[in-house]
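A, B, C, D and E label the chains in the order they appear, each numbered from 1.
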Amino acid sequence: MSQLDTLKSAIKDRLGELECVIGWEQGYDPLHATPLFIRTEADLDRLIIGPLAVHNLATYLTAYKGKKIGVVVKGCDSRSVIELLNENLISRDDLVIFGLCCDGVVSQRKIRAALPADPGFVEAVDISANGLKITVAGQTAMLNMTDILADKCRTCQHPNALISDVLIGENRQSASSTSLACQEEFEAKSDAEKFAFWQETMSRCIRCYACRNACPMCVCRDYCIATSRDPLWVSQDNSPAENFMFQMIHVSHLAGRCTECGECERACPVDIPLMLLRRFMNKQVQDVFEHQAGTDLEQTPPLLTFKVEEERINERGW
Amino acid sequence: MQIFDLAAADHAFIAEVQARSHQDIKTCYQCGNCTAGCPYTFAYDYSVSQIMRLIQTGQKDAVLKSRSIWLCGSCQSCTTRCPNNIDVALIMDVCRHMAREAGYATERAVKVFADSFLNSVSRYGRAFELGLMTEYMARSGRIFTDVDLAPSALMRNKLPFKPHRIQGRDQVARIFERFRKGGAHA
Amino acid sequence: MPAQDVRELRIVGFLCNWCSYGGADTAGVGRFSQPTDLRIIRVPCSGRIDPLFIVRALLNGADGVLVSGCHPRDCHYAEGNFYARRRLELLKRFLPVTGFDARRFEYTWVSASEGQRWQHVVTEFTRRIHELGPAPNFNPASEMDWNALALHAAQGQTCPCHG
Amino acid sequence: MRIGVFICHCGSNIAGTVDCPSVAATALTYPDVVFSTDTMYACSEPGQDAIIQAVKEKNLDGVVVASCTPRMHEQTFRRAVERAGLNRYMFEMANIREHVSWIGKTKDLNTNKAAELVRMAVEKLRRNRPLFAKRFETVKRVLVIGGGVAGIQAALDCADGGQEVVLVEREQSIGGKMAKLDKTFPTVDCSSCVLGPKMVDIAQHPNITLYTCSEVESVGGYVGNFQVTIRKKATYVDWSKCTGCGLCVEKCPSRKHPDTFNEGLCTAPSINIPFPQAIPKKAAINAASCIMLTKGKCGVCAKVCPVKCIDFEQKDELVTVDVGAVVVATGYDLFDWHKYPQYGEGRYKDVITSMQYERLLSASGPTGGHIKRPSDGKEPKNVVFIQCVGSRDRSVNRPYCSGFCCMYTAKQAILTKDHVPDSQSFVFYMDIRSPGKMYDEFTRRAMEEYGAQYVRGRVSMIYPQDDKLIVRGADTLAGTQVEVPADLVVLAVGAESARGAVQLGEKLRVAPDQYGFFVESHPKLKPVETNTAGVFLAGACQGPKDIPASVGQGSAAASKVLGLLSKKELESDPAVSRVNPGRCVGCGKCVQTCPFGAIKMIEDRFGNPKAEVIDTVCQGCGICTVTCPQGAIQLEHFTDNQILAEVNALCPPKMFANFE
Amino acid sequence: MHNIAYYPGCSGQGTSTEYDRSTRAICQALDIALTDVEDWSCCGSSPAHTVNHVLSAALSARNLAQVEAMGMTRVATPCPSCLSNLRTATHKMKDPDFQSKANALLDTPYRNTVDVQSVLQVLAEHVDPEYIKSKVVNPLTGIKIACYYGCIMNRPPALMQFDHHENPMAMDNLMAAIGAEVVPFPLKVECCGASFGIPRGDIVHKLSGKLLDAGRRLGADCFVTACPLCQMNLDLRQGQINDALHENFKIPIFYYTQLLGYALGLDRAELGFEKLCVDPRRALGKIKQPAQTR
């Protein structure tokens, strides 16, 4: 039985007790997936998994608070679930988790860049272990998986769901590399270069809040302080500084909580590389608090606790 | 006794002592601990703590002309026990430097001995005891200094008749030469 | 209002009421002279200081931000500075990726009795900020700069990740 | 909003380096400011009246005063605006004295800074809103920590004032340092004759519960409602039965451990009553030296005890009490003179501390009140006293004056002559500090009537020569070195903070200064208050003090406690956190971080979890406000918007709109 | 095996050759390899620092630069005066301003990479006392010794960073380890009169006389010292002291290295007892022979 069939049958077994089960289906063309809310067995036919199933479905969980639902998660998505559970934002009793062992997902951005021109509507996609064969307007292009793999998958340390009621597939190895060249390159730049980079990038930001809305950990929703008058942290002025302030709020509220699923960056319509901020912050959290969000059900987010003697914080000589 | 005009304090002198010694003269509260521990007090004209006081009140002449600054043996007892962490022995040293530069030598024999010693070093690279004694006796006029010890010392071969001339004595001589030219202060 | 005088840079201080604000008062009572650049915002506890206040100040053009609270273990509210230490340390370490010079932000501990220490902290931090000079504006300073930036952004630019 | 601004000159304190009229003029250009003036002394009665008058005449609904630190006069001005009919929180202060005029020398920079601080205050005030205090009841009981003379006085005064008192003492008996003293200055009356009756009063007072051999384990709660846990350490004697007959003390075969009450001058039995006047007069076992407790055999005391009160199985016990106020009277410790190696570091037996000398002088001491030197029991003829051992000495980190050593040394010199008429005392001193009633006269008597030879200078070293100790010091008045061949050297050791003071301060949230003495709320105006409401200081825990000052402070602290607890209810500070239930998502992060347990989770009418603040428990630290990502819980008077307004006042954002 | 650069100091070539030789002998016996600083020169001694600190530092630094040129990082000297000068130079030259001034006087600049210790410190801190005990062949049983350290071996403590500044014990421990009875000499760090012997002999007579008196009161058979200048003042000038103070001291003043060498059974010729002015034979005679001890 294929992984997909095993998953379908597992969902079928539990569907009766659940409001719905969240998975993926094909979107507007064969290259794009979209979330699928499975309510009946008939819906199950449309379920897909694999490299196109990019969405972190944990993002939807808080909206179903109080209802019993199921969710399909990849390894990275499962970290978000754990973090939400640790922060009491969802209840374990109301959740059935179908965990996957994941081989990685694609970056649509990289696919677009790898194709000679914007493909528009894709006619067919043939998925193999090596890559994707994409047919657009009768023309076929073969894209290597290594070229189009999402950044987060290149350094993925948790390919298998860390929490699940049903785990499907065989355990996958975590990636050997833990660092990304683009991240290191950026961090090595001078303050002035980085400053100029964000100035420019933030002048592109249209503050559509797609990054926030896609984020599984952004649970404030309608009460985000970036869009409130009381408190009034960010003005309506569309200036780089105000846009950056919003991003700083986002990064600050994710400190010690971000599971690095990459949804913010994926959702950004103007291609702002938000993960530069996330990955750097997470590295600091790891360095100071030896904490990696969403990897352990017993952990306390580092900013909600303290130690009297902080071994890794040095008094600066004043 | 000498009467000091406190209004005529030499502030430049105070500042110079402080700058050269990197010590804060004002922190001395005259507890006398330096004097209490100083083995040389019996030979001084002003006790150590009085020297400190005279510096505090800017009495340059009294300090630089005193015997005490020449008779300090740099034994560090004052520095070690000062409740205010003042390096008193260093201040005594600095006063002696300033007295030399000002041309004072109230304890002339002490100065001549130091000069003779350094001349010896400058000449041979190392101290040549018999040589420096000779120079000292000639320059101080105290030709009978320690003659009583000579037989005892000579009998035991404690005083070589020839200086040890080191190869790098030119290097050592150049140290003195550059020092005299540059007049390095510190 | 921006620092009006070229002799001054804009330094914002966030001080807890019980220790550091008291320490600054003690320095004042002792007439320990200090540079005038610093403007102090009083908060009850260093635990009240949201790192985002500091970010806000920097984005608004502050040249330096100084935070001071009670020494660890001495917090009037027992634990406030322990939380503050974590939050502020993380901000301090995070700033480099934003391009803000992390030296423009500092946090330390000064008790109500440490007037001289406060004088030292203020003097040293102000000296540091003057060495760094005025902070660059995140928002363009003139209309022309605005237009240049907009043009540059519109032309698209090379992003390190999506190259 | 209609805001009035008052710029105080504070005489020349502010006006000396700040152009106050110009600041007032600038303030008038700020938003909502309708009235602005400068005033000579804003805190004076005419100054306050002028504020009240302006509020009424100009119809103000908010006031900014720019003057000294709010830590000084915020309350004063809040009361003033309240008298003017405004809510007391519709007031802000700009600190242009401690933070401007006293630290900056350049007038134009100071003036600009003052104007900006006023702007900041105005911007904050524009976002203030009236706040109203809640009332809560207080527990009518007081905890006194420390049973020295200050604690005894505080306990008795509180008890006489009708409050219940719990007195906790670390040692076996109350009495503290004073109980060890032979006589007291400047009257040379017997210490135990003065203190003894007070100790008995403690034992007999119906309002006082005494715990000795006990320490404060933890403190929770807040003014009016503290919860205190006390650890009663095991004494291995059931004190409810012990009659203090002393039979066990007599028979105990283990008598080798140093007698701490006698400052180690002699040894004590392992079961002991420290001194005849001890309160409570009960025996206790020293577990470290007791043969039964260390080796498992002996039990002589248990056999001889007529009431069978020995209990080798006894364990520490924790007792919890609720109190409305706390008096800290933990006293001081003596400087460890071994930090002066030049005094022999203990190699010379006849170099002793002043407290050891008290025990030698005391009739209840190990020598029965005869001065015998430790090395050979001989009566000393030349006795040298060295003052400032561990005082006024930066090299041992004790730059402060301990205050009482000059006086007790004079007393000991006098007593030395009384005890040994053909003796000669030498006192090495730096300065004589005797500013008290009859104090200086007393030191003069030591010199004039008792012939004590006062030598102005420190002692550099002590070394033995035959059976004498050569004390080499300075006589700075003679300008030279001096030596005294002494039979006994008494070191006037200074005071340092009591061991454990810093840890106790952490429990009570009372900050120690850099030397471990507790910091009072204000050095002049609030000498016994601390910055933690309901916690008061008495005696030498706040700084070195002699007996009269300690007793005075004990009474002062008691009067503060009685004043506090005389109110039926207390008002809580309304500057506490408040939850906006609309924004709260019920994640409970605020509950998790609150150090006081002041936030609880409730359900709204739709069954959604929401946070709620318990007003009287909240201390107003604001940790929760920073924790909440939605900004749903805001610390009143220090809300995000209020602080952001201050930030924006100092660093106005550069708006795109500015260029349009 | 420790390999350390060795700076003998000028007096080791003259008035205190026995100290130099016995030091070399015991170091060899205790597996400490000493390599002489090549073509070393005088550190300047007290006269230099009383004239100028830069000059003094430069004279010392020339030797320390020689040590650097030898590729070594530790130098030991038997003489406290040299020790004090070398360490002071090292300390002062941590200040870059001072360092450049001192280096300006030198042909070869000193980079300040050398740690300076006394031979006594090397013995006290790097040689196991049990090891020394195991090598003793003539235990000093029966002799009473006053250990005299002199004023600058341990002071000021912040600079010297060795042993105790009021009651040093390094020599006491060494002497006890080789079987001697050590009296609690109270004036271990009092000054003997230092270099005033020649210009102001009266000072030395008084100060050294006081030391001899304190030793005699404690019944010491002899002194041991670690300082050539102290030794000279107490030994060579003992006759002058007796004349000046109308005393009759006959207390031999050993270098600690001589007695240590004696206990280790080293060749007498290396120990130079014959160089002492006050006849040591009576004191040495107090030592019980091994046969008697058994």
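By definition in this document, a residue touches a chain if its C-beta (ideal position, glycine included) is under 8 Å from a C-beta of that chain, and two chains touch if they have at least 3 such contacts.
Remember, it's a predicted structure, so these values are computed and weren't measured experimentally.
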Third chains touching both chain C and chain B: D
Between B-D and D-E, the pair joined by more C-beta contacts: B-D
Chain B and chain D, separation of their C-alpha mean positions in angstrom: 50
Distance between chain centroids, defined by C-alpha means - chain A, chain D (Å): 55
Whole-Å gap between the CA centroids of chain A and chain C: 33
Where chain B touches two or more other chains at once, by residue number: 42, 77
Sequence positions of chain A contacting 2 or more other chains: 233, 239, 241, 303
Residues of chain D touching at least two other chains: 342, 461, 593, 627, 640, 644, 653-656
Every chain pair meeting the contact rule: A-C, A-D, B-D, B-E, C-D, D-E
Residues on chain C engaged by chain D in the complex (per definition of touch): 1-2, 4-5, 7-8, 10, 12, 17-19, 21-22, 24-25, 27-29, 31-36, 39-45, 47-50, 53, 56-57, 59-62, 70, 73-80, 83, 87, 111-114, 119, 137, 139, 141-143, 146
Chain B contact footprint on chain E (complex, rising order): 10-11, 13-17, 39-42, 44-55, 58-59, 62, 92, 98, 101, 104-108, 151-152, 155-157, 165-166, 189-191, 193-203, 206-207, 236-237, 239-240, 274-277
Complex interface listing, chain D residues touching chain E: 341-342, 345, 347, 461, 463-466
Chain A partner contacts - residues on chain D that touch it in the complex: 582-583, 585, 587-589, 592-593, 627, 629-632, 634, 639-641, 644, 653-657
Of all residues in chain C, those that touch chain A in their complex: 51-52, 55-56, 59-60, 72-73, 79, 82-83, 85-87, 89-91, 93-94, 96-101, 106, 108, 117, 120-121, 124, 136, 138-140, 149-150, 152-153, 157, 159-163
